[in-house]
Amino acid sequence: MLKQIEGSQAMAAAIAMCRPEVISCYPITPQTHIVEALSAMTKRGELGSCQFINVESEFAALSVLIGASATGARSYTATSSQGLLFMAEAVYNAAGLGLPIVMTIGNRALGAPINIWNDHSDSMSMRDAGWIQLHAESNQEAVDLHLQAFRLAEELSCPVMVCVDGFILTHAYERVDLPTQEQVDAYLPPYDPVQVLDPAEPVSIGAMVGPEAFAEVRYLAHHKQLRALELLPRLAEEFAHGFGRSSGGLLSEYRTADAETIVIALGSVNGTIKDTVDELRDTGMAIGAVKLCSFRPFPLAAVRAALQKAKRVIVIEKDLAVGLGGIVASNVRMALRGLPVAVHTVIAGLGGRAITKVSLRRVFTEVHAQSESFAEPHFLDLNWQVVEKELARQAEQRRAGPTAENVLRQVNAIGTRVH
Amino acid sequence: MSHPRPFAITLDPGSSLHNHTGTWRTQRPVYLNRLPPCNNACPAGENIQQWLYHAEEGHYEQAFHALIRDNPFPAIHGRVCYHPCEDACNRGQLDQPVSIHAVERFLGDEAIKQGWLPPAPAPASGKRVLIVGAGPSGLSAAYHLAMLGHKVVIYEAGPLPGGMMRFGIPKYRLPRDILDAEIGRLATLGVTIELNRPVADVAHDMAAGGFDACFLAIGAQLSKRTEIPCRDAGKMLDAVSFLRAVESGQEPVRLGRRVAIYGGGNTAMDAARTARRLGAEETLIIYRRDREHMAALEFEADEALQEGVVIRWLRTIKQMDDSSLTVEEMELDKDGWPQPTGRLEKLEADTLILALGQKPDSGFLAKVPGLQFDKEGVLKVDANLMTGYPGLFAGGDMVPGQRSVTIAVGHGKKAARHLDAYLRQTRYCPPPKPELASFGHLNTWYYSDAERSRQPVLDLLRRTSSFSEIHAGLSADTALFEARRCLSCGNCFECDNCYGVCPDNAVIKKGPGNRYEFNYDFCKGCGLCAQECPCGAIAMENEKI
Amino acid sequence: MLQIRIHGRGGQGVVSAAEIISVAAFREGKHAQAFPSFGSERMGAPVMAFCRIDEREIRLREPIMTPDALIIQDPTLLHHVDLFQGLAADGYVLLNSGRSAEELGIDELFARVPRRHVCTLAASELAREHLGKPLPSGALLGGLAALTGWLQISSVQAALREKFAGISGERNAAAALAAFNRTRAKLAAQEGVHAQAD
Amino acid sequence: MSNTRVKFYQTGTFTVGNRLLDDSDRTVQSRPERTNSLNSGHRACQGCGEALGARYAIDAAMRAANNQLVAVNATGCLEVFSTPYPETSWQIPWLHSLFGNAPAVASGVAAALRAKGKKDTKVIAQGGDGGTVDIGFGCLSGMFERNDDVLYICYDNEAYMNTGVQRSGSTPAAAHTATTQAVGSQPGNPFGTGKSIPLIAMAHGIPYVATASVADLHDLEAKVTKAMGVTGARYVHVHVPCPLGWGCDPSYTLKVARLAVESGLFPLFEAEYGEVVARTPIRRLIKVDEYLKLQRRFQHLFGEPGQPAVIAAIQAQAERNIKRFGLVEKGEAK
């Protein structure tokens, strides 16, 4: 059913239709609207016997789900930013124990300085934890990915993160086609765990494993993600069949057929990229785009196949591997190793900095024209004036004070400018 | 579950049983039985802890049978035994000793009340044994020999069986119906007692009666005397004949108003207390040493004092006149021996009873070849209580050593064992004694706090005016409680501590009466079981590596 | 594609206003996208919300930099925030004020957009009348419908009823209608003025 | 099983078993059919108090729960020695997640059971003092505050033994550990430390809180049994000596635990909804030195010159406990 609805509400509705049995959460912006909605539904009895648990920290939130999932309950939570970091130990543990928990990440920057706005630093920090990470471009896809996430998690017995850009999607009202309960039930069978805490059949879960078997356990975790590479397209296909629209999968291509330059990115920025691509196409530029949905597992083969015909690739990413550059870009380079394709990293949208068509257009054009001056990595819309001023100031006095505040003072206009 | 479980992180239950941690062990626990101090101290060799164990469960008949395997006279001993077992009882170091004698008496009295009898004796051996004297050791020997299948005949010179138990120990300590009841049980074993049957020539009587062996148990009937100048010998008599006269109730004994007793032994106390009961207004004990050196037991002296008997310590009698005694004050030298001071004093007394000890009347044995005596006529015996004359054994007060009813009964048992071996041409070797269970072996924390139960005592007035028994017995409840005060020193009583406290579940419980077993596959040898065993029935031994 | 930007202060329902516009547009079969200026919603802080309306799917996620219409819920912002930034040449401006645009001293605005595209509306007063509290959104949306003609007043009212359950939905709908009519009248009057001026 | 003392007969209810007790007065540990939830073959040190305490507690809980029990375990000795791949000593459904999250994981198990309508299955969480009073404290407090239907059992051996005897939040005053050296003006663990989680638990107003000791099995089992009969968040704090970390002979594990109780340093009590409702009186009151002397971690307090002032302070602490909880009854302590 079509609905004009806030992203968080839409996702909550979809998650509810997945019949979760235990939901546990701790408040942190910008994911809160999702769990608030689920809490209300639980209270209204719309989720049957589902238990909604308010806990004292994100660490506890995921820990509660570890217990619940190991007891055979379909388990869900959501978090963002610092919350995910505070969870970190449990994040690794849930994956290590192979518990099919689904968690929404309302992507948000990491402090300090504290910043509540969107980028991908948080989920990137957990990219090697053994969770599957799927990124949504729109709220429609956010809804659809949650349905696929539970299916995928439970088939593999592996936890899944659905990454949704904070505010940009979570707080955006737009048209969403919500599935019916019948459709969801048909797509998502009841949870049949591979291991469960049951007095009738006792097992010890979470043994200490020494050097003699640890490497094997890790390999098996890796192997699980390789299986996900096969499973994801199949589930997407099945989804398209059952719901009449395509969502998810490993990645999707946009006007790449004859493209010399291909832009690749995660999440909601793909919409703006597509509009920009259309405009540039109108000027005759051979440019296309690839939307990467699955970041973990990273679909090396699919990415290679999608990009190999291009002359150059631009990676737009909302994160920064400090001291290296792009995280997605490094993965893309790995996919393209051995091919004569130039990969350019564009660090953009950090801490909520708006990514505008204008800026993208400028960058795409520059790269397409193979300008020598293009820096690697390129920081989109970086205010060099401010940076150089601050660097100079730091150079002259040791006690230069807090950088963040100094920078703000220079850009004197908090929240009043559009960008 | 249809799915395969995750590798390594998920494990099947209880699988650690493959890991035999017993290999870590440098010491191993072992169960053992140690010798309880009560058993060790009992002159009659009773297995006290054993019969207490049955009594703890209220299985009194079982307890009785366990008891009479060693001593046929629980009702008597529960009354007259000086119970060295209680002096040895480890519980004495915790609160007060278990009142073993009270429980023993309860069992004895219960047996009489219920008419419990000894089990059937062993098949008849066809051997005949003569026993001279129906005192404690004679009767004890008779019982044991009969149980061993021999035909036993007792020749008793006196009119009634019991010896000193009847003619030495006053009624108020041992009622005669009790004495008769327990002696009576011997008849059921085919023991015959011929009364008023003195023996002049043992060898002749043995041959005449067709006896294969003989046990002499004539006791020590003769009072020792001392020279005291005295006008009227009639005013002086000896304790043994005094007590016998009172018991046999023949011609009335004239004592007068004031009676003095000379001596510091139990007999002196018995004589004094009997005199009180016969109406003596003043009863005075004169003893040449002081209280801590007296031969009588504490409680005997205490009870005498309670009953108004006066004791003059450190006095010797120089001479006796019509109604007075001249005594000399003594001083103890550094060795505790009395030395004259020359200070004299007069004491009023109408009668003087001498209680200066006894010696056996063994003259009639003079002509038996191979026998040896000391100057007091005490008959020498070897370690097996056999005299120099083959087949002739002796025990009780007539042989060297301490004298008490219980010692005598012990002699009877011991003699019976050796005599039986003699008759069967074998040797009797007693089993080796295990290590003594000392207080240090116990973990006393586990034992409940439980005060020793007291026996009711007759009020003083009736004590001094009648011969009725002073001490009453325990009720069934108090007897049970008292039995349960036993610490079971050195022997497992199945408290489950070892089974419970083993961190490795390495103790196997084998069910009631079957105790436990160690599972050395898993025992790491920590020693907790030994440390927490209340009764010291587990020891740690080094593993040989 | 139509782009609307709403300026106001936290707590004045700026974000809701954008959402309601999107719902109204959706009810008319259009694609719409509403989103806030992602600030931490502190009371009184200057906030913005955006709404896009289009016939086709809206993929663009950037903030609205060249609005076709501006709603200014709080005229006190006029002096320290660059409200008219990027306003289209023929853009519309609806101000919440009892005073006239002239009185507010924003003449420079008239140089950028046609005078008749600028309108003030005493939305807070209307809100007080209808809701009992000065929450101007409902009224302003009625005004917007009148000023721009992009939305049917009926769909605005329906959207308000959808957003605010029960009585407060009705009251908002009423306020919207009143504002719609008042604005219409005002515009008609202005037309008159200009007609004479020609 | 009630924890009223049966004093009749030799050892009354002081020993594990007693051939003359009524069935209802017998300990779970005395029964041949006990579950041995923590099975033989585990890798705990010789004389491990925690291994013992865990079997005591879980077996009792199993009996109370009719064997419908799930246990969650925090990281620590208990977890490491009981489940090294490829063997586990647990006979019950058991889950180990992390050091600091056992209470939350247990809440999750309870929630799942509730969601699935499995009312008969009970949940226990267990951990050492480190996992309970320090790193797991946040989750513990949360579980208490939500009054989740979980019994949390802390096996307190007063330091981080698994990592080599470092100080924990429940390490007693003056104790020498790898991180509290026995030198300087305040040798060993500085004073004013060591938090009482039982009291903190009481402050949450949860239905049941109790302290217990491996040295008093009847008491421990009675409390676990009682706790299992209560719904909501429950906490039982069990004192379990560590021969290795405390530096005493493995065979002294129970002796030392007993002395801790008898000296008043480890008070045994029960509380309901934040109020102390019962305490187990000291049986034979002793001075603290008797307890301290047996342990190498307190060795520096004795000998020449020794630390009489420190010992006096510890004695004072014991007397505060005795006064606060009324641990000495007239005529009770002998």
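Which chain is which? They are A, B, C and D, in the order written, and residues in each are numbered from 1.
One rule holds for everything that comes next: a residue touches a chain if its C-beta (ideal position, glycine included) is under 8 Å from a C-beta of that chain, and two chains touch if they have at least 3 such contacts.
Here the structure is a predicted model, which means the values were calculated and not measured.
The greatest centre-to-centre distance from chain C, using averaged C-alpha positions, is reached by B. Averaging the CA coordinates per chain and comparing them to the mean over all protein CA atoms picks out D as nearest. Two chain pairs, A-D and A-B, are compared here, and A-D has more C-beta pairs in contact (counted per touch definition above). Between chain C and chain D the centroid-to-centroid distance comes to 67 Å (mean Cα coordinates, whole Å). Here the spacing of chain A and chain D, counted between their Cα centres, is 45 Å. Between the CA-based centres of chain B and chain C the separation comes to 116 Å, rounded to the whole angstrom.
Centre-to-centre separation of chain A and chain B, using mean CA positions: 93 Å. Along chain D, residues 82-83, 85-86, 88, 90-92 each make contact with two or more other chains. Annotation for chain A: residues 97, 201-207, 209, 213 touch two or more other chains. Residues of chain B in contact with two or more other chains: 8-9, 11-13. By the definition of touch given earlier, these chain pairs are in contact: A-B, A-C, A-D, B-D. Chain A contributes residues 96-98, 157, 192-196, 201-207, 209, 213-214, 216-217, 220 to its touches with chain B in the complex.
The touching residues of chain B, when paired with chain A in their complex, are 1-13. Looking at the complex, you find that chain A touches chain D at residues 21-22, 24, 49-51, 53-57, 59-61, 63-73, 75, 89-90, 93, 97, 197-199, 201-210, 212-213. Per the touch definition, chain B reaches chain D in the complex via residues 8-9, 11-21, 24, 56-57, 445-450, 481, 484-488, 493-497, 499-501, 503-506, 509, 511-512, 519, 521-522, 524-528, 530-532, 534, 540.
On the chain C side of its complex with chain A, the touching residues are 15, 18-19, 22-23, 25-27, 31-40, 45-48, 57-65, 80-82, 85-86.
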